[in-house]
Every structure is written in C-alpha cells, then in structure tokens.
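Okay, got some structures for you below.
What follows is subunit A paired twice: with subunit B in the first complex and subunit C in the second.
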Partner chain A sequence: MLRLELRPAPSAAASLATPLVAIALTLVSGAILFAALGRDPAEGFRAFFVEPSSSAYGLAELMLKAGPLMLIGTGLAIGYRANVWNIGAEGQLVLGAIAGTGVALAFDESDSLLVLPGMFLAGALAGAAWAAIPAWLRTRFNANEILTSLMLVYIAQLLLSWLVHGPWRDPQGFNFPQSKLFAEAALLAPWFEGLRVTNAFLIAIAGVAIGWLVIERSFLGFRLRVSGEAPDAARYAGFDAKRAVWVGMLAGGLAAGIAGVAEVAGPVGQLTPNVSPGYGFAAIIAAFVGRLRPIGIVFASLLIALLYLGGESAQIALNLPAAITGVFQGMLLIYLLAADVLIRYRVRFGHRRARA
Partner chain B sequence: MDFLVAIVVATVAAGTPLALAALGELVAEKSGVLNLGVEGMMLAGAVAGFAAAATTGNLWLGVACGVVAGIALSFVFAVAVVTLQANQVATGLALAIFGGGLSAFAGQPFVSRSIDGIRAAPLPLLGEIPVLGPLAFSFDPLVYVSLALFGAVAWFLWRTRAGLVLRAVGESPEVAHEVGYPVARIRYAATLFGGAMAGLAGAYLSLAYTPLWVEGLTAGRGWIALALVVFATWRPARVLAGAYLFGGVTVLQFHAQGFGVEVPSQLLSALPYIATIGVLVIISRDAAMVRLNAPASLGKPFHAGD
Partner chain C sequence: MRPRSSFRVVRFAAAAALGLALAAGAQAQEPLKIGLVYVSPVGDAGWTYQHDLARKAIEQKFGNKVQVKYVESVAEGADSERVIRELAQSGHKLIFATSFGYMNPTIKVAKGFPNVAFEHATGYKTDRNVAIYNARFYEGRYLAGVVAGKQTRSNVLGYVAAFPIPEVLQGINAFTRGARSVNPKAEVKVIWTNSWYDPGKEREAAMTLISQGADVLTHHTDSTATVKAADEKAVYAIGYHSDMSKFGPKAHLTASTHDWTNYYLETTQRVLDGKWKSGAVWGGIKDGYVKLAPMNPVVSKETQDLVKKLEGEIVAGKLHPYAGPVKDNAGKERVPAGKTMTDDEMQKMDYYVEGVQGKLPK
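Up next is the complex of A and B:
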C-alpha cells in the first residue's frame, strides 16, 4: 500500500526535483507511446529532441517559440502566485494581435520607425483590456475568473474570425480569410537571412526580467505571494485582495498582448484566423513546470518549444500527427502536479506502523 | 407549429450534452472534488465514441467507448488529486489540455469520416399523439437516458443514505472521516461518475448531435457545463433547466438569420459564451448565496491524519 507521511516542512529540494521527475516520466511515457504506435522509440527521441536542436534553423525556431511562452508564462505566474487564475491568455494574445494589426493597417503607407512601437503599445493595452474584463467581473461581481477568462478566449477568436472574414479581409487575397501583408515598417526584421527569430525574443527576455524583479525582488511580489498562500494573513496586513486580482490579471494580459503583436509582426506577417499555435495555453504549462518563477519558466519554455518543434519533425520523420505535441504537453503538466506530492509528503510503501 | 416543434427538439438536443456533463460535475463537486477538466474528458469521449462507431459501425458500442474514455481520464485526475493531493484547479486545467491534445492526436485518422449518427425517432404509440407526441416523445434515445439520469441522481443525492454520505464528504471530509466513512473512496467514485457523464456528453456530440469528428469538437461546452453547475447552485433540476436555456441560445444562432436578423454570424456564435459570462455574473453577485450553496470543502484536498 502506498501511503503519505506529512513532512514537517515543505521540501525545497523536492520542489526543484519534481519538474525533472515529471520530464523523466513524460519521456518514459513517450517511449511507450512510440512503441505502441509501432515506431522505434529511439527514432522518436531523435525526431523530438535531437533533430530540432542540432541546426541553426532549429535553434532559431526554438527561440521563436520559446519567446512568447516565457513572456506569457511569467505574466501568468504573477497572477497564479496570488491564486488569480487567468487561463484566458490565448484570448488576450488574439486581442494583442488584432490591435497590433489595426495599427499596422492604419499606418500602412508610413515608413516611420514609430509604427512598430505603436503596434506593441496597442497590443499590450488590448491584451490588458481583455484581461481587465474578468478582473472587473471578479472584483465587482465575484464571478469566477477561470470561467470568464476562458469564455473570452472563444469570443476573441470569433472577433478575429469576423475581422479576417469581413472588414479586414485582404481584397487582393484571393478570398482567403486573412488581412493584407504588413508593410515593411510594421514587420520585425529577422536577425539572420533565412531564420525567423527577431527582436521579439529580446522583448520576451526583457519581459521575463521585469517579471523577475516583480516576483523575486519587490514588495508587490511579496504581497501577491502572501495573498495567494495566506489570504487571511494578507487581509490582516492590509493587502488588498482586489488589487491582487487586478495586478495578477493585467500582468498576464499585457504579456499575452505583446506576444500577440510579436506573432503578427514576426513569423506570420499578417492577421490570420490561426494566429496563435496555442501559446496562451502552453504558457500555463510553462508557468507551472517553471515553478511560477521566471528563471524556471525560461527553461520550461525552451522545453515546451522543443516539444512544438518535435511535433513538427515527428510529423515529417515518423508520419505522426503534429497534435502529439499536445499529448506531451498535457502529460508533462499532469505528471508534474502529481509528483508535487513529494514536496509536502514523504511517500512510503507498506502498512502504517502502529504508533504508541 | 411544425416550426415550434423543430425549435424545441433542437433546443433539447443542444442542451443534452451540457446537461449530461454538468450533472456529472455536480456529483463530483458535491463530494468536494472540483474537476475543471470537463472539456478534456468530453473531447476524449467524443473522439473515442466516434472512432469506435466509425470502425465497428456500432453506435452503441461507440457510446460505451465514450463513457469509458471519460472514466479513464477522470481516473487519472482522481489519482492526482485524491491520492496524491495535487492542486485541483491546476490539475483540472492540465486534464483539459491533455484531453484536447490526446483527442486531436487520436482523432486525426477520423477527420472527415462520416457516419450515420444516432437519430431522433418517435416512440411507438406515444409519438403518434398529436402535438404532445412530436414535442415530448420524438427525441433520440440518449435524451431519455439523460432525463432518467437526472431523476436518478436527484433521488440518489437527496433520498438515499449513500447520497447523504457523499454530500457529507463534500461538506466536511474531516467529520465524515471521523465517523468512519472512506472519504477517498467516495471521492473517487464521484469523480469517476463525473468522467463517465462527460464522456457520455462527448459521445452524444460526436454520435448524435453532429455525427462527425473535428479537432476541438466540444467548442467550450465543457467549460459552459462548469458554469452551469454554479448557475444552478448545485441542484440537478436547475442544471437541467439551465442546460436547455443554453441549448435555446445555441439554437437561436441558427435561426436568427432565418428571422432576417442582419448580424455577423460570429456574433451569434459568441452568444452562448456571452450568456455564460452573463449568468455567472448574475449568480455570483450574491457571494453569500454562492457560499451557502457550494459544497464547503470544494476544491480543498483532504488527507486523513494531517
């Protein structure tokens, strides 16, 4: 019989070890899955981890995908630490992409250097505004932010669909539901010819750094953590719970909005119906696997980005659907949350000894 | 008249998957387990049901496979949150993401396959009654199954000893444990029932409501079901009424353009999500009322002997 013994204090070592345990379990499950599908697990391992990380193109793609994940993951972590559950980052990202596109289309003729900063500003504000809706509904009406922020994802995607099918559809686009291609001034220039990584990665790093200052080095970060871990103590100390909701929601919304602009101004170059490959949801996993701490989130984002690339290369090399990425992402998070039992408990096997 | 009947039948069909998923979640939550992974379990049920039916040609085997898939995912959830004390909110999100990924992966070969789905059919004799027949006795068989399940759950929770124990575990697992009830086992059972209902709801979508499979087929219905439980203040009859209300909103979007309403189709498609936010706001405004009706230990892990 498996049995749990409460530790006298949560184990810091276990809290760092459980992500590694989760990764190991995911790898083992992945090998079993590949074998069950009649593929050589070693082949699968190579397609997933070696192939994407062994070329300049692969590394550039890794940074391209890890950037939005670490940026959004850090923003979400600020809220999660305060028990504010923004799971609508995907919708906030879409709103950022929409607002960025709005600026890009409005200044289509301009070659001003201010177009891009304007797009990012508009995107950040739009993402934050979309996140402000659940924050307001929670603080004013006590409505659960998990459900409202998620409903707003669907509404954002429908808004996007309306825009690209209607008012913003490119008249020269052969009737495809997409906006016209952005002008030069509205695009992030790639660092290297043929690779897609841009300054958006630096923006993401800067965002993570700000998040690190807020979470690890500021009194605000401390207050948010207390609100999450000990709401009664926070109230006693005069920390405003409503403010925690606002800060937590807006941090995720800002980050997701910026990430949305980086997508349309970077690899996509226009507004399309599928502007995000699920970064808003994958960032939730990055936040947890990174232990809600920015440095951990950077590593977790690189891992999840690798899973995205691995899914693409598994599709080519092993003829497996790229959706296998989602299986691994979900598995990783479930294993992690289950393994977290080791932080607070010791796992013992056998029956409980009789205690005097 | 025929038009009205068509609307009622469509409303019930659109409401049934919501009703089933919400009923399962209600039972799980009554035992204190908050499983936010309903969307993932529904997707698993939908894809498993469709895959089995498309492969074997047997629709009822498909339904059974959908239920089993829902149970399987809820079992993973129960191991994590009941046995291993994992955070219920985060694990529920993880289950939603996992179910989404798994169903997209497993369903790939079945996209664009078509099957002959479960059809609505008038019951013999009863279906021939004028007006009442088409209105009340002309649904597909799963609708009657869902109504029977609602009756059974309401009876179980409020009229049986076992139901009382389940509710007691949700209110105060400490006391239930002291009295000698197996809290963990009861929570497992309630969670698995939730999974079975979510799987059945998913199978209803892919086998009866729209007999096909596409990635993300459930389109947020699992989350709407979660909102319905809160909206219904954890009462089965209100869950059923709420589900049909939402079914009506869904049907409205298909008929609004028929009435000559000139609005973008996307705005109509957004109605169920906007309505969900609306009802959450209305019901949550009174914080004390929600607190009074919600199971007191909802979402809190319980480990005997801490």
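Up next is the complex of A and C:
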C-alpha cells in the first residue's frame, strides 16, 4: 500500500517537481473532464491557457487581474509567516476603495496631479486602519483574528452599500446605487489606448519587491518567521509577539487598501456596490499557492489570473457552463496544494501491507 | 412598431441608423453571432433564467442563421468590461448585457465597436449603438398585490427586497396599491436583504415576516428561498422573475414573471435585416414582457376573474397602478387625483406609498 514517510529535510528537487506534477495531473483530469462533456480537450486547453495570453489585450488584462492578487498576497504572506491569519483582506480592500473614492469626490473639481497620490495614501491608511481593528482585538483581548477580520469584511461591505445607496449616490444616476464617475484627475491613465493596464501594476510590483525585502532579507522578516514557526523560541529571544501581530495585520491591510484604490481609480472608475471581484479572498489562495514567498506569489497570481480569463474564454469558445470552468480552476489549485506534500514527505510502497 | 417610451435620457441617443454598417453585404451567408452576458448562473429560476429562456427562443426560431453564446456569473465590476469586449472582439454583432451594473462598461466598450449592436437591460444610458430595454415589472406586481390582498387573512403581507432602488420600490408600492385596492386593511412589511442573491438571508427574512404575522409573502430577490420558506410554514407566497410553483407547490399562488422572448426575437430580426437602431424600450403586460404565472387552484374563481379583468384594463391603458391620488406613507400627496405618475417620476421613486410599514433605509 501507499504510505507517506517524513523526509529528514524538505526536498529541493521535489519542490521544483511538484508544480510540474500538479500541472500534469490537471492536464490529464482536464482532458477527461472536457472529453466527458463532449468537447475537444485540445480546444479546451487552448481556450484556457493560450487564448487569453496570446494578444496584447489579453496580456494587459492578465496584468490588470494579477496585480491586485500579488500585491495583497504578498502583504498577507508577511502576516501568515508569523502565524497571523488575516482573512479579511477583502474588507480592507473595500475600505481602501471607499477612502480613495472619498478623496476623489472631495476634489472632484480639481485637476491637480496630487489627487491620485492622495487617493492612494488615503486608501492605504484606511485599509491598514481596518486591519488594525482585529490586530488590536487580538493583542488586547486575545480575540481570534481569523474570525474578527472575516466579520469585518461584512461590515465593510455594508458600509460600502450604505454609502452608494445614500450619501455618495450619483445625483444624476436615477437613484441607482453607484457614485458618479470620477474626474480625469482621479483616474489612472492606461499605458496604451484600448488596454486597461495602468501604473497600478507597477505599484503592485513595487509592493511585492518591498515584501520580498521584508520577508527574505530583513531582520524584521526573520523575527516574524521565528514568531510563526517557533513561538517559544521567539519569546525566549525576546521577540515581541504583539508586534508580530501588528506588523502582520497592517502589512495585509495596507496592501489591500492600495489595491482597492487601484480598482476604483482604474478599471471601474467610480464606486459601485461590488468594486472587488473577490480579490481579497483569491489573494489568500495566491499566497498559499506561492508558498508564502513573494516570487512564488507573483507566479501564483499570474496563474490564477490566467485561470479567470481562461474560464471566460472557455465559456465563449466552447459554451462551457461557468460551473465547469470553476471545477477546472479548482482542480489545478488543489493539485498544486496537494502536491506540496511531496516536498516534506516521500511516498513509500508496500512495506507495511495489511494482511489480506 | 413597438412604441418606444421616451426616457429623458434619450437625449444621449442620436437616432443614427446603425443599420447601414450592419447590412454590409458580405455577411449575408455567415450566421449572426449573438452574445449574452449574465450576472448569475442560469439555474432553475430567477432573473438570468428568464433571459436564458429568451436566448433559447432565439436559437429555436433562427436556427443556423444565428450562433448564440453566453457567459454566466459575470461580476458587475471590472470583469464585465472584459467579457463584453471579448464578445465584441470575437465577432459577435449583437450583445445583450443583462444586468444594470454592466451599464458603464457597455458604454465604454461600445465606443470601440461602432458596428456592433449593444442592448443593455435596465440601465439609463444609451449611445448610437447602445439601446436599453426594461420591463414595467410594477404592472405584474399590482396584479400580484390584488391576489395577495384577496388571499390574506391576517391582512399582513410580507415583502423580501434586495436594495431600495426605484425598480424595487416601484414593485413594493404597486403590490401594496394592488392589495389595498381590494382590501383596504392590508399592510405590507418589508425586510431588506442588501443582496440580490443570498438564499440564507432571504430565508431568514421570510421567516421573520411570517413570525410577524404575514400570511402572504413575495420577494424581489433572485432565489426561491422565500417561496420555499412560505411552503414550509404553510403560508402563501407569490414568486418573482420565474414561475416558482415547483419550489413551493402549496404556497405558490402565482408569480410576476418577465418574458424577454418577444424583445429578443424582434431585436435579432432587426439586426438580421440591418434595421437595428438604438433606443429605449420600457414594455409592460401589453407587450408581453410581464406576465402572471398560472394561479394556484386555492385562488377563488372570483379573484382570478377579477385579475383577468384588471389585466385587460392595464393592457387597454384604462388602469395604471400609479393613477392618482398617490400618497406616501408619511401622508404626503405624490400624485393628485386625476393625474397619473409619469415614467420619469417612477424612475426616481424613493418613498413608500400608504400601506407600507416602516421607513425607507437612507
């Protein structure tokens, strides 16, 4: 029979091989899935992976979609490495979008170049402030941040809903729940006419780079990691556990807040009741598929973004229902995460076979 | 010709005939590619389901003259713009964007594809190649209210509603006026779910209304949870969007349903003929856009006949759910006797009429 045996040390070879194993498994099961639905598997893979990435527009969309994921994923990873579980990035993103919109609407008449930086600053602070609530509850009352940060997502969404139905509703908008469209000065200009990718992508890359420095190269990152992996040792070494909570939560909140502004100032161009297509939650997957390392998170984000786009193009090209594209996406992610077990364990056959 | 209601926003709509570009001869043999964008999965009932019925009708009627694709569960944010653009880019010449939140993305994409006809449901912005269409859901609501008013014993009616936008308020108020036209003692209680689709919350809201004495429920949300809850608690319910009788056979009195088939077939025909033009359509029972589902046998013959008669009067233009006097529930007169509310006033509705309990969330 099959059994797993702990490796003495995580295997470097396996950590390179597991993504390939996962992809191979996905291709095989994907082929079966498409064939079972009467679609040509080759067409299916083409729609999922080639179509979205084979045009300038597709690549720009890939960046548009992957940017917020990698930014938030990196922010979250800083906390996750310290065992600080911020599940509420979605709410922090919403707060960022709200604060950015506040600035945009307040300076609606202005054409100052400072409007956009002001929006990003306000959004970053608002995201961080929203993340500070669970951090405070955790450090002050030892309240579980998984629950509190998640609950705050719902509060953030209701706050957003109230704003767009009430005070910030576009007076010219027939009472529909959305803000007015932002003025030119509050919008990120696309790099190229007709494409939607903006400097927000550079901000995301810069955020990932900073995250990389913090996680991989700084003493702060080392202390966070020790707090996460060996809390007793961290305490013995005099590392402040509360500080780890604060840093971990605020990093995620900051990143999510910035991503929120990038949405309203970028592709959406106004505040609507659903500004985020779930980036705050998808970023958690990106963080883990990327093994909590910034470089990995970049690739994971690109992959998840590609799966989103691929899901749409598969619907258009093959008339596959959305649920099937969801199954395919889930398959790849599960294989990726499951294959990781091979890094720490090796597979053994047969030794302790049960008697027949 | 279908009468085209005149929204004030039609000022956006230059009546430029797009048909010229569309009629370009070479495409004559190729099938017309049509794309639809849905906000939720098609499912078994609900908003998207009704649009999908119309899609199937297109396929059935036009056969190999058309090739129809749809994309479901497209969020009303940045993603929708990409999906709409992809459909336009991949040669779809007629695109139905079936949710309000697709409005600005549709307008943006349409600018880059002057030869594609865009049809946006329930919005208010048009362009030379963007038309809008909507249904007078409130007419069905009024009739549903009549049924509810006749059927209630407690004189408390419950309404599970998503968001306090004019379209939803038109429904609540018309339902209330319908009920009170046959039962002046009827009162309507409303619970807001703040979500178009959240079966858990909808069910909870329905249960709360029942515990507050409501014995006929209806809803303006996408799931069948309200009808199911009513069935479980042995009270009555009136479905919305689709005929929901199979989700609560005992409870389901009727449903106020939408039927986009006529509109989709006519629009497709116009594009095929090269005669499509931008415009704004707001059709009602008369146009076949709004229908009542078959009645539950517990509804008396007398009530059924009354509803038939009123339906005929609405079609004939003799009865309007918002014919004055209309008073709001704070006692202020909104429409004086002898006048009828204009389309424009309905589009801006932001109050409850007399008979609805409580205050609107602001």
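Basically, the second predicted complex is superposed on the first by the 327 of 356 C-alpha atoms of A that agree within 3 Å, B and C clash if a C-alpha of one lies under 4 Å from a C-alpha of the other, contacts with A are read in each partner's own complex, and residues count from 1 in each chain.
As a convention for this text, a residue touches a chain if its C-beta (ideal position, glycine included) is under 8 Å from a C-beta of that chain, and two chains touch if they have at least 3 such contacts.
Owing to the predicted nature of the structure, the values given are computational and were not obtained by experimental measurement.
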item: Which of subunit B and subunit C A:Pro267 touches, first, second, both or neither; value: second
item: Which superposed partner A:Phe174 touches (first subunit B, second subunit C, both, neither); value: second
item: Contacts of A:Ser313 with subunit B and subunit C, given as first, second, both or neither; value: second
item: First, second, both or neither for A:Pro277, with subunit B first and subunit C second; value: second
item: Partner chain(s) touched by A:Ser161 [first = subunit B, second = subunit C, both, neither]; value: both
item: Touched partner set for A:Leu150, first subunit B, second subunit C, both or neither; value: first
item: First, second, both or neither for A:Pro117, with subunit B first and subunit C second; value: neither
item: Touching partner for A:Pro10 - first (subunit B), second (subunit C), both, neither; value: neither
item: Partner chain in contact with A:Pro321 - subunit B first, subunit C second, else both or neither; value: both
item: Set of subunit A residues, in rising order, touched by both subunit B and subunit C; value: 158, 161, 165-166, 321, 323
item: In the complex, subunit A residues that touch subunit B; value: 2, 4, 6, 85, 87, 137, 141-144, 146-148, 150-155, 158-159, 161-162, 165-166, 281, 284-285, 288, 321, 323-331, 333-334, 337-338, 340-341, 344-345
item: Parts of subunit C lying in touch with subunit A, wherever the complex brings them together; value: 35, 41-42, 69-79, 81-83, 85-87, 89-90, 100-101, 104, 112, 124, 163-166, 194, 347-350, 361-362
item: Parts of subunit B lying in touch with subunit A, wherever the complex brings them together; value: 36, 40, 76, 79-80, 83-87, 89-91, 93-95, 97-102, 104-105, 108, 215, 219-220, 223-224, 226-227, 230, 264, 266-267, 269-270, 273-274, 276-277, 280-281, 284-285, 287, 290, 303, 305-306
item: Subunit C-facing residues of subunit A, complex; value: 57, 61, 64, 158, 161, 165-166, 173-177, 181, 194, 196, 263, 266-270, 272-278, 308-309, 312-313, 315-316, 319, 321-323
